[in-house]
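Going by the order they are written in, the chains are A, B, C, D and E; count residues from 1 in each one.
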Amino acid sequence: MVISTEKRSDTAGLSPGTLVYIGKKRSDRVKITVIDYDKSHVLRKELKDPKECFSFRDKPTTTWINIDGIHRVDIIETIGKHFRLHPLVLEDLLNTGQRSKMEDFDHYLFIMLKMLYIAPEHGEIKTEQVSIILGKNFVISFQEEEGFDVFNPIRERVKNPQGRHRRSGTDYLAYTLIDAIVDNYFAVLEHLGERIEMLEDELVAKPTQHTFHKVHELKRQLIHIRKAVWPLREVVNSLEHNDTNLIKEKTRVYLRDVYDHVVQAIDSIETFRETISGMLDIYLSSTNLRLQQIIKVLTIITVIFMPLNLIASIYGMNFEHMPELSWAYGYPMVIVSMAVLSLTMLAFFWKKRWIWEK
Amino acid sequence: MVISTEKRSDTAGLSPGTLVYIGKKRSDRVKITVIDYDKSHVLRKELKDPKECFSFRDKPTTTWINIDGIHRVDIIETIGKHFRLHPLVLEDLLNTGQRSKMEDFDHYLFIMLKMLYIAPEHGEIKTEQVSIILGKNFVISFQEEEGFDVFNPIRERVKNPQGRHRRSGTDYLAYTLIDAIVDNYFAVLEHLGERIEMLEDELVAKPTQHTFHKVHELKRQLIHIRKAVWPLREVVNSLEHNDTNLIKEKTRVYLRDVYDHVVQAIDSIETFRETISGMLDIYLSSTNLRLQQIIKVLTIITVIFMPLNLIASIYGMNFEHMPELSWAYGYPMVIVSMAVLSLTMLAFFWKKRWIWEK
Amino acid sequence: MVISTEKRSDTAGLSPGTLVYIGKKRSDRVKITVIDYDKSHVLRKELKDPKECFSFRDKPTTTWINIDGIHRVDIIETIGKHFRLHPLVLEDLLNTGQRSKMEDFDHYLFIMLKMLYIAPEHGEIKTEQVSIILGKNFVISFQEEEGFDVFNPIRERVKNPQGRHRRSGTDYLAYTLIDAIVDNYFAVLEHLGERIEMLEDELVAKPTQHTFHKVHELKRQLIHIRKAVWPLREVVNSLEHNDTNLIKEKTRVYLRDVYDHVVQAIDSIETFRETISGMLDIYLSSTNLRLQQIIKVLTIITVIFMPLNLIASIYGMNFEHMPELSWAYGYPMVIVSMAVLSLTMLAFFWKKRWIWEK
Amino acid sequence: MVISTEKRSDTAGLSPGTLVYIGKKRSDRVKITVIDYDKSHVLRKELKDPKECFSFRDKPTTTWINIDGIHRVDIIETIGKHFRLHPLVLEDLLNTGQRSKMEDFDHYLFIMLKMLYIAPEHGEIKTEQVSIILGKNFVISFQEEEGFDVFNPIRERVKNPQGRHRRSGTDYLAYTLIDAIVDNYFAVLEHLGERIEMLEDELVAKPTQHTFHKVHELKRQLIHIRKAVWPLREVVNSLEHNDTNLIKEKTRVYLRDVYDHVVQAIDSIETFRETISGMLDIYLSSTNLRLQQIIKVLTIITVIFMPLNLIASIYGMNFEHMPELSWAYGYPMVIVSMAVLSLTMLAFFWKKRWIWEK
Amino acid sequence: MVISTEKRSDTAGLSPGTLVYIGKKRSDRVKITVIDYDKSHVLRKELKDPKECFSFRDKPTTTWINIDGIHRVDIIETIGKHFRLHPLVLEDLLNTGQRSKMEDFDHYLFIMLKMLYIAPEHGEIKTEQVSIILGKNFVISFQEEEGFDVFNPIRERVKNPQGRHRRSGTDYLAYTLIDAIVDNYFAVLEHLGERIEMLEDELVAKPTQHTFHKVHELKRQLIHIRKAVWPLREVVNSLEHNDTNLIKEKTRVYLRDVYDHVVQAIDSIETFRETISGMLDIYLSSTNLRLQQIIKVLTIITVIFMPLNLIASIYGMNFEHMPELSWAYGYPMVIVSMAVLSLTMLAFFWKKRWIWEK
C-alpha cells in the first residue's frame, strides 16, 4: 500500500480518451471468461480471442464477461469499441488510481470500485480496482489480475437452476458482484480488528518503540482503506436512486442492503480510527511513566548517597583537631549512622510511594 | 464489548438472503411468547411450536410475538416465510453486527435497534440487537437472548383494560417497545456518568497509571455506545416522517418524543466524550507535575550537597601548607559554615517556592 | 452543574405520559400568579388554588399564568387537563433534564428552554428549565423554583398602559419571556468572560496547578452552557418560521431578533472555548519552561562543582610523590584556580543565556 | 480587542426596542455629513442639527447620510423616527457587540458589518461596527467614531461627474461602502501575514517564551477577526440573492464580487490559523530540543567526571598497603590515565553525535 | 509560496473595476498567440499588436487567444473592451491572489483557476493564476508568465485534422485547457508523495530537528496547494451543471471526468495531510525516546558510581581505629568488591532492559 498516486502524471498532455494503462503490471496473461445463462441454460467458457464475445452483445440472454488483467490496452479497446463504451470509460478503467464512482451512460452504467484483500503471502492489505459495465443483457467486469478473486461463489450459484440468478437479469448479477466485493471488506476489517486487539494487549503489557511503529503502520493502512471505502457509499446510493431502467425495482431492495453494509464498514473504520488514536495516547502516557520511573531511580540514588558521601568526606578532612577521629568507636558509629540515615530515607520514599509503586 | 465485527466475513460468498446466524450463541433455548389483545380481551401464552403463531397473522386483534434467541435459523425461517418477510430482512436480523436501521416494505416496517444494558454480574455495558417487525395487526420482536428484557413493564400495562395500549393498535405497541429500549439508555448513561464522576475525583486526588487505564476503558466504551445510539436518531426520524399508513397520525407525536430522547442521549454522550478528553488532559498535566516535583527534589539535594562536599574535599587535600588545618577551631568553623550554607540555600528554595508548594 | 442526567432512568418502564417529577426538589412552595390584561385593564393576583385560573382559558383577554415550582405533580396535572395539554407535554415539563425544544400542537405551542443564572451565594452558574405554553389567549410559564426570576421587568412593563404589551397579544408576551431568558445569557457569559480574563492574567504571571484546575473547571462549565444554548438556535428558528397562526407576522421580526441574540451567544461560547483551549496550551508551555529552568539549575550546579571536586579529590590522594603538595603556595594556587574555573563556567552559561534569561 | 461581550447584560430586562448605547464612548462629537447627488449635481455639507437631513428622505436624488458617533441616543432616535426605522433596528445599531447581519424591511434594508483596521498608534487591530440603511433614495451609514474612515475615496469618486456613482443609485452606493470595508480587511490580513512571517523567522532562529506569547496573542486576534468576518459571507450572499427591488440586477454582479472577496478573506484567515497552529508545534518541538540539549550537557559532565572522581577517591583511601602510592610515577600515571579516560569518553559522545550536533 | 495575500490592499479605495495589476512582475514581455481552426484549416500566429486579434471575435471558426503576461494593464484593457468583458472580470484576472471561480455572463463564461508546477531550478512548488474566457467562437486564456506552460500538447493536438478538437467547438477547447491544468496537479502531487516517502524513511532511520523542519515545510506547502485545489471542485461542478448553452451536452461528460480528477486530487491531498500529521507524531515520539535514552545513561552512571565513590570515601576517612586499613589484603578486597558491585548493577540494568534495548 503505497502513497504514490500511481504515476497518473505520465498521461498529462495526452488527448482525453487516449488509452494508457496506469498501474503496476501484475501478471502477463489476460484471461477472458464468459458465462451466458437464462432460465433454461448455462454456458461457461474461456475465450482465446476477445472477438469471440461480440456475439453476446445483442443476445437476449444474460451474459457475464469477466476480464482478468487490463494491461493489454488493445484488448480493452477492441471490447470497448464493440460494446460502444465511451472513450473516457476506457481511459478510467485502465487507470488504477481512480476513485470509486458510478456513471450513467443511458444504455449502460459504469461502476468502478475497489476490492480489498489480504495478500496471502505476507498478510499485507492490498487494493485492486474492479470496473463493472452493466448493460441491458450483458455485464462486463474488469479486474487488475487473475490472482485474487471473490467472484467464484457467484459462478457456482449461477449454475444452480433454482437460484435467484437464473430468474433475474443483469442488474441482479451486477448487484451480486458488488455485494461480493463489499462482503470481503469485512474479512479485511476483522483482520485489522484482530491486529488492533493484539497491539492493544502489547501496549498495556510491554510497549516498545516497535509497538508504536506497528500502531502507526496500522493507522496508515486505515487511512488508505478509508480512502477506498468512503466513496463507495455515494456510489451505491446513487445506484439505488438512479432512475435508469437498467435496474429493476426488485433489485433496489438488494442495493439498499449493500448500502447498509458499506455504511457499517465505514462505521467500523471510524471506530478503528478512534481506537488507534487512543492507542497512541496510551503509548505516549506509558513513555512518560517510564521516563518518570527512570528519573525516580536517579533521584533516590542521589538523595541517599549524597549525604552519606558528605559524612565520609567530612571525616576525611585533615584538621588536626577533630576529636571524633580518635574515639575508639568513632568509625563504627559513623557507619551505623550512615546505615540509619539511608534506611530512614528509603522509608520516606516508601511512604511517599516512590518505590514499588506502578 | 469487543471490537471485532462479529465474524461477518463467514458469510462472504453466500447467496444474498442465505440465513446464517452471526453472533455469539447466548443461550440454548428459544422462547416464543404471544400476547394478543383488543379492547375487550387479553391472551398471553408461551408457544412450544412456532407454527402456533400463524393463526394470529390475519386476526384483526393486536398481536405481539416476542422471540428470545435467534440462533435457531429454522424457527426464524418458518416465521419469516409465514409472515412474508423479505429474505434480506431475515438475513439482517440474524446478523448481530448490524447497524440500527428502518426499512419500509409496504405491508410491514422492519426496525432494527440496539438495546444497551449493564450486565448485572460485572457491571460491564452490553449490547443486544433487537429487531421489530411492525405489520398491520401484528408486531414481532426478536431478541438475542432471554436474559435481559426491558419489555416486562409493557406486558403489565397491556393487561390494564383502561390503558392506552388497549385503545391503540400495533403502531403504539411498536412505539412503546422502542421507547422502553431508549429509556434504558439513560440508565446506562447515568451509570457511566457516575463512573466518570468517581474517576474525576480519583484523578484530582491521587492519579495513577491505573486511573488512566480506567479512563481509557471508559472512552472505548463510549465509542461503542455512540456507535449504537447515533444511527437511531435517523431511524426514529424516518419512522416519524415515513408516509406509511401503518403508523397513525396520533402515534407520530409519541415518536417525536422518542426522537427527542434519542437526541438527548446523544447530547449526553457527546458531553461525556468531552469530559473524558478533559480528564486525559488532567492526567497528563498531573503526570508532568509529578515529574517536575521529582526533579525538584533531585535538584535541591544536588544544589545543597555539592558545595558542602566540595568544602569537605578541599580540607581533605594533603597540602603541607594549609593554615586552617592547624587552627584549634578550624573543624567546628567548617561544620558551622556548612550548616549556614545549607540553611541559606534551603531558605532560597523556600522563597522561590520550590519547597512545599503544590 | 452536575454531569448526571437527572435520574431519568427512574421512569424507565412507566407508561408514556405517566407524570413523575424528575429533578431536585428546589423549594416547598408552589406559587401560581396570574396577570390578565387587555388594552384597558390589568389584573394581577396570586392564586391559592390552581382551579382559580380555569376561567381565564376562554376569556378573550391576554392571560399569563406563571407557576414557580413543578414538583407538585397533581397541580401540574390539574392545569394540564383543563388547558387540554398533551400528556407528553406534561411529562416533558416535569422532567428537568430535557433538551430545549419547540412543538406545535395546533391550538397551542409548547416551548421549552433553559434559564442560566449565576447563583448569588457562591457565583456558580446554574441552569433552570422553563416551559412556556403559548395558547390563543393565554401563556403559561413553568419554572423550577421561585428563587431566581428574570421576568420581573416584564411584569412592570405590562402595567404601563402605553406599553407595547397592552397593544399586542400572547405571542408578543411569549416573545418577551424568551427574550428575557436569552438576554440573561449575556450576563452569564460576561461573568465567564471576566473569569477567563482573570485566569489569563494569572496564567501569564504565576501559573500553578491550581490555575490549571480552575481553567478546567471553566471548560466544563462551558461544555454545559453550550449544551443548554445550542439547541435554542433551532427552537427560535422554527418558532420564527412556523406556519402557526398563533404567532402574528409583526411578532416574527422580534423573534428574528432573539434568533440573532442566540447566535451571538453561541459565537461567544465558541470563542470562549477556543480561548480556553489556548490557555491550556499556555499552561502546558509554562510547565515545560519551568521544568527546563529547574533542570538548568541542576545542570549548572553539576557542571561547576564536579570539576572543582575532582581537583580537590586529586590533591587528597595519598601518593608519596606529589610535588605540588609541598609547594608553599600550592594550596592558595589551587583555591584560586578553582575560583577562576568556576567564574569561567558561569561566564560561559551567561553567554549561552542559561542564566537570568526568561 | 477584548473578550468581553460589551456589557450587553445592562439592557437585560428593558423593553425590546428601548434604546441604550452599548459600547465604549469613543469620542464626544457626533458628526453628521450629507452628500446628495444625481447625474447633474453634487451637494456635500456637514449638518449641525439632525433635522436638517429630513428633507432628503423623499427627494428623488441619491442621498448619503453618514453619522460618526452613535453614543447620542437622542440623535439616533430622531433620525430613526423620521426615516421610519424599526425600533429593533435602532436598538441593534446602538449595540456595538452585534453580529454582522442583513435584514429586509421591505422599504429599506438594514445591513450591519464590522470594519477592521490597525490602530495607527500601537499597531493593534481594532473593530468598529458600521450599520448601513439602504432606502430607495437614501443610504444612511452609522459609524462608532470619526477617527478611522475607509469611505473617503468614495466621497472623492462621487464628485467625478463621469464616475459610475453618478449614473447609479443608492444600491451601488451601498455596495461601494461594503466593498470599501471588505477591501480594508486585506490590509489587516496583510499586516497579520507579515507579523506571522516575522514570528516564523524568530521561531526558527531563536525561540523564547516571549515569542510563544506573541504567537498566542496573534492566535487570539485571529479568533476575533474570524468572528467578525465569517458572518459577512452569509450577509453578502443574502444581499445578492434577496428578491428586494431596492437592489438592481446590474448591481448584483458587484455584490457577487464582494462575496468572492469575503470568501477569499476567510480562506486567508483559515490558512493563517493553520500556520499559527503549526508554529505552536514548532515552538513546542524546539523547547523539547532545548531541554534535551541541557540534559545532554548534564549527562556528559556526569559521565566524564564521575569515573575520574572515583579514581581520585580510591587513591585517597588510607590503606596501609597500597603499592601504587609509593611508586615514583604513580601520580603522573594516574593523571595521564584520567586524561585518556576523559578523552575516550568525549570521542565516544562525539561519535554518537551528542556533541555539536543540532 | 508565500503567505502574503499579494498586496491586494493597494487597491483599497479605488473604484471597483479600476484595473491594477496585483502580483509579482514575472517577466517583461507579453506574448499573444492566436490559433484559429475549424474542420478544414488551422492558423497559428504570434501577434505583435493586441488589435490584430479583434477580427477573430465574430468569425465562426474556433479561435484560441493565449496571453502570457498580464502585467501590461493597457493590453488587457484593449482586449477586454473589444470582447465586451465586464470591468470586474478584468479586475479579477489582473489580481493574482484570487480564489478559483466560475462566473456566467450570458454571452461568455469566466473561469479562473490555479496552475501548480514544480519550479525546475530548485524544486519548489509554484502557483500561477490562469483565467479562461469561453465565448461562442473564441477562448481567451491569460497566464501570468511565459515560462511554464502545460498547453503545448494541446497546440499539437489541434494540428491533427482527425483530432477531436477539429470536430468540436470552443467548449471542448476550454475543457482541454482545464484538463491539462488539472492533470498537472498529479505531477505535483506525485512529487510531494515522493518527498513524503523520503522523509518517512529519514524519520524512522535518523530523525533530526532538520527533518522536523522539512516535514513542517511540506505541511505548509500542502496547506497552500489545498487552498488552490479545493475551490476548483465547486468551479468544475458548476461548469458541468450550468445551464448555459455555451457548453454542449456532449462536452459535459468530459467535465464530469475533470470533476472526478479534481476530487481524486483532493483525496490525495487529504491523505497527505493525515500522513504528515502522523509523521509529526513519530518525530515527537522519537524525540521523547531519545531524551529517555540520554537520561538512562545519566541514571546508570550515577547509580554505579555513587556507591563506589562512597566506599572509597569511607576508606579515606581519618579515624584512628579503622581495622580494615591495616589488613594486608584490605585494598585489593575493596577493589574487588567495587568491581563485583558494579557488575551486579550492570546485570540488574541488563535484566530490566535498560541497556541495549531500543
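Basically, contacts are C-beta pairs under 8 Å (C-beta built on N, C-alpha and C of every residue); 3 or more make two chains touch, one makes a residue touch a chain.
Small disclaimer: the values here were computed from a predicted structure and weren't measured.
Undergrad: Tell me which chains count as touching both chain A and chain D.
TA: Chains that touch both chain A and chain D, as defined above, are E.
Undergrad: Minimal path length between chain B and chain D through chains that touch?
TA: Counted as steps through touching chains, the separation is 2.
Undergrad: Just the number, please: Cα centre separation of chain C and chain D in whole Å.
TA: Here chain C and chain D have centroids separated by 26 Å.
Undergrad: If you average the CA atoms of chain A and of chain C, how far apart do the two points sit, in angstrom?
TA: 42
Undergrad: Do you know which chain C residues sit against two or more other chains?
TA: Correct list: 288, 291, 295, 298, 302, 306, 309, 313, 316-318, 322.
Undergrad: Circling the ring from chain A via chain B, which chains come up in turn?
TA: Start: chain A; next: chain B; complete ring order: A, B, C, D, E.
Undergrad: Which stretch or stretches of chain E touch chain D in the complex?
TA: 2-5, 7-9, 11-17, 86, 88, 91-92, 97-99, 101, 103, 208-210, 212-213, 216, 219-220, 223-224, 227, 280, 283-284, 287-288, 290-291, 294-295, 297-298, 301-302, 305-306, 308-309, 312-313, 315-318, 322, 324-331, 334-335
Undergrad: Report the residues of chain D in contact with chain E in the complex, numbered from low to high.
TA: 150, 152-153, 157, 163-164, 175-176, 179-180, 183-184, 186-187, 189-190, 193-194, 196-197, 204, 253-254, 256-257, 260, 263-264, 267-268, 271-272, 274-275, 278, 281-282, 285-286, 288-289, 291-292, 295-296, 298-299, 302-303, 306-307, 309-310, 313-314, 316-322, 354, 357-358
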